[in-house]
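Both complexes shown next keep chain A, but they swap its partner, so chain B is in the first and chain C is in the second.
Coming up: the complex of A and B.
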């Protein structure tokens, strides 16, 4: 049932190359989920997210500081090693400086026909961010038009919005099902859904999601569910870690807060006469990344709501080593969860997670949660 | 009822035989390449020490990094779970347990009823654990046993910045070149570990009393540095290296 999504994720490069061949269209790599995919879909360009390869590498040292987060270095390595050699363009929206360095260095050493830096505002809690982002989207749209030679009409933008919104809606409907006592899908399966969505044509992805949604209500995860966990923090596409927690330790992830998870699709574009303003509003209003979640920390309440709605018993807080924005957030998030008696376990991720030591910690964490049943 | 706890550690494997709340036998051997083989050997030695046979044993539980490898154990318990049980058993007043091993360090906060409230483990680095003292003792041309008494004779505090065992060693070498007294360097090494461990303890939150277990607790110099750093008294039980194995033996009584 999930094979298709898993295959898309695992064979992302083959998929994109094949897509180019079949459609004759252009493919753009994006570094951050603040990039407005609606405009790219309107221009018939396929956006694919540049994620890391989870393999040790030795090519980024001259280009990026060793104490920048391992994810950014891993992403840059993919570019330098030509893993994404089929890209026609690359783009990033401003979120963190580490990732921007990965983009800048990629742009410098592996130039492609289109490269765009989108200054997504940080201060999304200010009203001024709305017209600011709108005017940046005007420029972005013009650049995309110039690149593709195609003028984007309101009808095109509507189509782009519809494709991406449908994807968000379907993913959210499927995630709703995880609230059940016995969810119809595991955390790993949910992870494949979102990750594959970031690297396939959403029209095909939507079709597959619809089919899945028809079958899911009758399905139940066959093993014991164990503890209902939430995972949150930095970018996370660490399949072996998720697999270990669920298959070896016997718990189940029922929800997450990652840009490779719910943060990516949680809210939709609300239609407006001014299409670009509607798109801008969506990105200003989305569940924020910690680079944008200040002066108020709005994400804390959002996380607490998810904990309640999905009846989460414990939270695993992960961060990519040296990820400053998340480092700034994590003490506050852990404290606020502690205040409502939800235990947390903090783990620091690298390009590859040390499964042995992590397993000991996760098991001790679960044991701590289970001790009330033991005695 | 007789139960046995086996603690398969990074460096040593320990076994404790428990009979009706009393330790009647124990053993400690180096963990070899085959954790199960070492565990079997430690188990047999501990039984011999206690003067009982395997037939007398109601249940065996394992703990430690190699706990899953111990095939003859009925069940296993995590290092945090066994340390908490063993420490509470020996030191009922202790609510914060510091457990130091060869390559890992842990701080565990307990509720008054002995249940685990929170814990922290050192990250991928041995600078807060026993191996650190061992490798520094080599650089100082002394033995790990001598490091404690040596550092108790220190006269000057020397700051050591390095948090990594490898870099710390080069820092020690440069201190030697600067003719720093051996006693002061030994103290600096213990202060270095103590800093790492203390931050972990502060992370989980300190609740009186404090107890220290694990092999490095035999090092009086390290204990002193920790006491000075945390400005607290710290209880060290007799035979601190067997506490986790004892905790596993207690766990075995729960599953027997």
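Coming up: the complex of A and C.
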């Protein structure tokens, strides 16, 4: 049932190369989920997210100082090692400093025909961010038009919005099923859905999601559900860790707060006459990355709502080593969860997760939760 | 012993610089006793804006405050450990951890406990800026906070929309200030402060440009105690006047051939904040006749430059020098935003090549022989792209030495190793300790 999504994720490069051959279209690599994919789909460009490879590497040391997160170095390594040699363009929407370095070094050392830095505003809680982002989207659209040689009409933008919105809606509908006593999909399967959506033509992805949505409610789940967990924090595409928690430790992730998870698709573009303003509003209003979650910490309430709605019993808080934005939020998040009696386990991720020690810590965490039930 | 190559003499204004700095911290601490207001925010915050609340408003800027604590080894250790015990990661910005620690241990380096601010007025370009003060507010049980996002892109791409974004936030911010303090807002005071800021930051750039000559009249270690005034209070008349005076003194030193380092024979620049507890590195360089004449950091953290007609860097022409009369709040804010967006130290946040271009310019115009890059674990904002800067400088033909450390956490600085690197760097440039040509 999930094999297709898993294959798309694992064979992302083959997929993108094949897509290019099939369609003759351009492929752009994006570094952050604040990139407005709607405009790229409107231009018939395939956006694929540049993620790491989870393999030790030795190519980024001359380019990125070692105190920056392993994720940004892993992403840059993919570029330097030509894993994404099929890309026609790269783009980033302003978020954290670390990932920005991966983008700028890639831009310098692996030049492609189109490279665009979109200054996505940080002060999304200010009204001023809306017209500003719109003005930046006008420029981004013009740059994409110049690159592709195609003028984007309102109809094109409507089509782009609908493609991406449909994907968001379907993912959300599937995630809704995870609220059940026995969720019809595991955290790992949910992970494959979102990750594959970031690197697949969403029109094909939507078709597969619809078929899955038809089948899922009747799916018979053989495994024990165990503890209902949430996972949140920095970028996370660590499949072995998720697999270990669910298959070996016997718990189930029922929800997440990651940019590789719900933060990516939770909010839709609400249609407006002014299409670019509608797109801008979506990115201003989306569940924020910690880099943009100030002066109020809106994400904390969002996380608490998810905990309640998905009846989460414990939360695993993961952070890419050296990830400052998340490090700045984690004490507040842990405290707020403690205040509502939800236990947390903090784990620091690197390019590869140490599964042995992590297994011991997760099992201890689950055991602690079970003791609460006993006494 | 060989005769010293150039005459040296202490700066006449040294004592005054110290006095302004000391008074600044004491004024902030004592502001409430005098019926005034206290606010906190970054060294890059638009301090001209709260100036519109009255002349009895004092501020405490975060980074210089962190550096002040860092210089006090015992207090620094206490503060860092307190922040770590409270759950904050050890690899976060060292200034920020020192600052939080100061709240947690309730100690102020100038005596008394941490003086609680009335409001927070911050700006945001690195990931930590606004988050820093979310935590300050948490630790203090809630302090009204406003922060301005200035990350609208590099100055070369500036547009009216980018300026409007920041100006609109400042207009929102003024409403916040009025509501929070219950005070009326005086546009005349704002306009005066904007003029002061343009004057002080342009004059600091002019002072830095005096260091283009050989021998350099100022060394970077001395400059740290001078540039800091702009990081404290760039919009104050006192700082602007001080820089006017300082420029005259530095020009006089140049005219008389007074050197900062008597045996200057190697000219260097550094990068990012220095390890504050180990400024002795600069004294060690002097044994080789090596002088660090500045850096993007010392020049451009607050100094505002422009390319002059002859293609070289010089102080940016102020609106007053252009004959522009500032009449309204909107106009004052627009001028101030445009002025700040051209700040050299804001450009590299978008691409390392922008900083490399400026570094190569400095290396050429300031007649440098080499570059010492501080890979600063304490500041991700100024370290971003530093490895690419190294490659760019090497490509441009300048020898580069790197050393790893931390501006505010001495546990991450290896003094012996750093000095050994200096020795090797000097040897690679064929310079011997105590031998001056």
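The rule we apply is simple: the second predicted complex is superposed on the first by the 370 of 375 C-alpha atoms of A that agree within 3 Å, B and C clash if a C-alpha of one lies under 4 Å from a C-alpha of the other, contacts with A are read in each partner's own complex, and residues count from 1 in each chain.
By definition in this document, a contact is a pair of C-beta atoms (placed from the backbone, for glycine too) under 8 Å apart; a residue touches a chain by one contact, two chains touch by 3 or more.
In this text the structure is predicted, and so the values were computed from the model without any measurement.
Participant: Looking at the overlay on chain A, is there a clash between chain B and chain C, or do the two fit?
Facilitator: Overlaying the two structures gives chain B and chain C room side by side.
Participant: Identify the partner contact of A:182: answer first if only chain B is touched, second if only chain C is, both if each is, neither if none is.
Facilitator: neither
Participant: Taking the superposition on A as described, I'd like to know which of chain B and chain C A:270 touches: first, second, both or neither.
Facilitator: neither
Participant: If you tally the residues of chain A touched by each partner, is the higher count for chain B or for chain C?
Facilitator: C
Participant: Does chain B (first) or chain C (second) touch A:371, or do both, or does neither?
Facilitator: In the superposition, A:371 contacts chain B only.
Participant: I'd like to know which partner A:361 touches here: chain B for first, chain C for second, both or neither.
Facilitator: first
Participant: Counting only touches as set out at the top, which of chain B and chain C does A:155 meet: first, second, both, neither?
Facilitator: Neither partner.
Participant: Students often get this wrong, so check: with C-alpha centres, what angle lies at chain A between chain B and chain C, to the nearest 10 degrees?
Facilitator: Here the answer is 80 degrees.
Participant: Contacts for A:1 in the overlay, against chain B (first) and chain C (second): which applies, first, second, both or neither?
Facilitator: Neither partner.
Participant: Identify the partner contact of A:65: answer first if only chain B is touched, second if only chain C is, both if each is, neither if none is.
Facilitator: After superposition on chain A, A:65 lies in contact with chain C alone.
Participant: Report, in whole Å, the shortest distance between any C-alpha atom of chain B and any C-alpha atom of chain C after the two complexes are superposed.
Facilitator: Taking the overlay as described at the top, chain B lies 5 Å from chain C at its nearest C-alpha.
Participant: Please name which positions on chain A make contact with chain B in the complex.
Facilitator: It is residues 343, 348, 354, 356-357, 360-361, 363-364, 367-368, 371-372, 374-375 of chain A that touch chain B.
Participant: If we count contacts the way the header does, which residues on chain A are in touch with chain C in the complex?
Facilitator: That would be residues 61-68, 94, 96-98, 100-101, 104-105, 107-108, 117, 119, 121-123, 126-129, 131-132, 135-136, 290-291, 294-295, 297, 321-322, 324-325, 327-332, 334 of chain A.
Participant: Provide the residue numbers of chain B that touch chain A in the complex, in ascending order.
Facilitator: Touch list, chain B to chain A: 65, 77-81, 104, 115-116, 118-119, 121, 123-124, 254.
Participant: Which of the residues in chain C end up touching chain A in this complex?
Facilitator: 86-89, 91-93, 124, 126-128, 130-135, 137-138, 145-149, 151-153, 159, 161-162, 164-166, 168-169, 172, 349-353, 375, 377, 380-381, 383-388, 390-391
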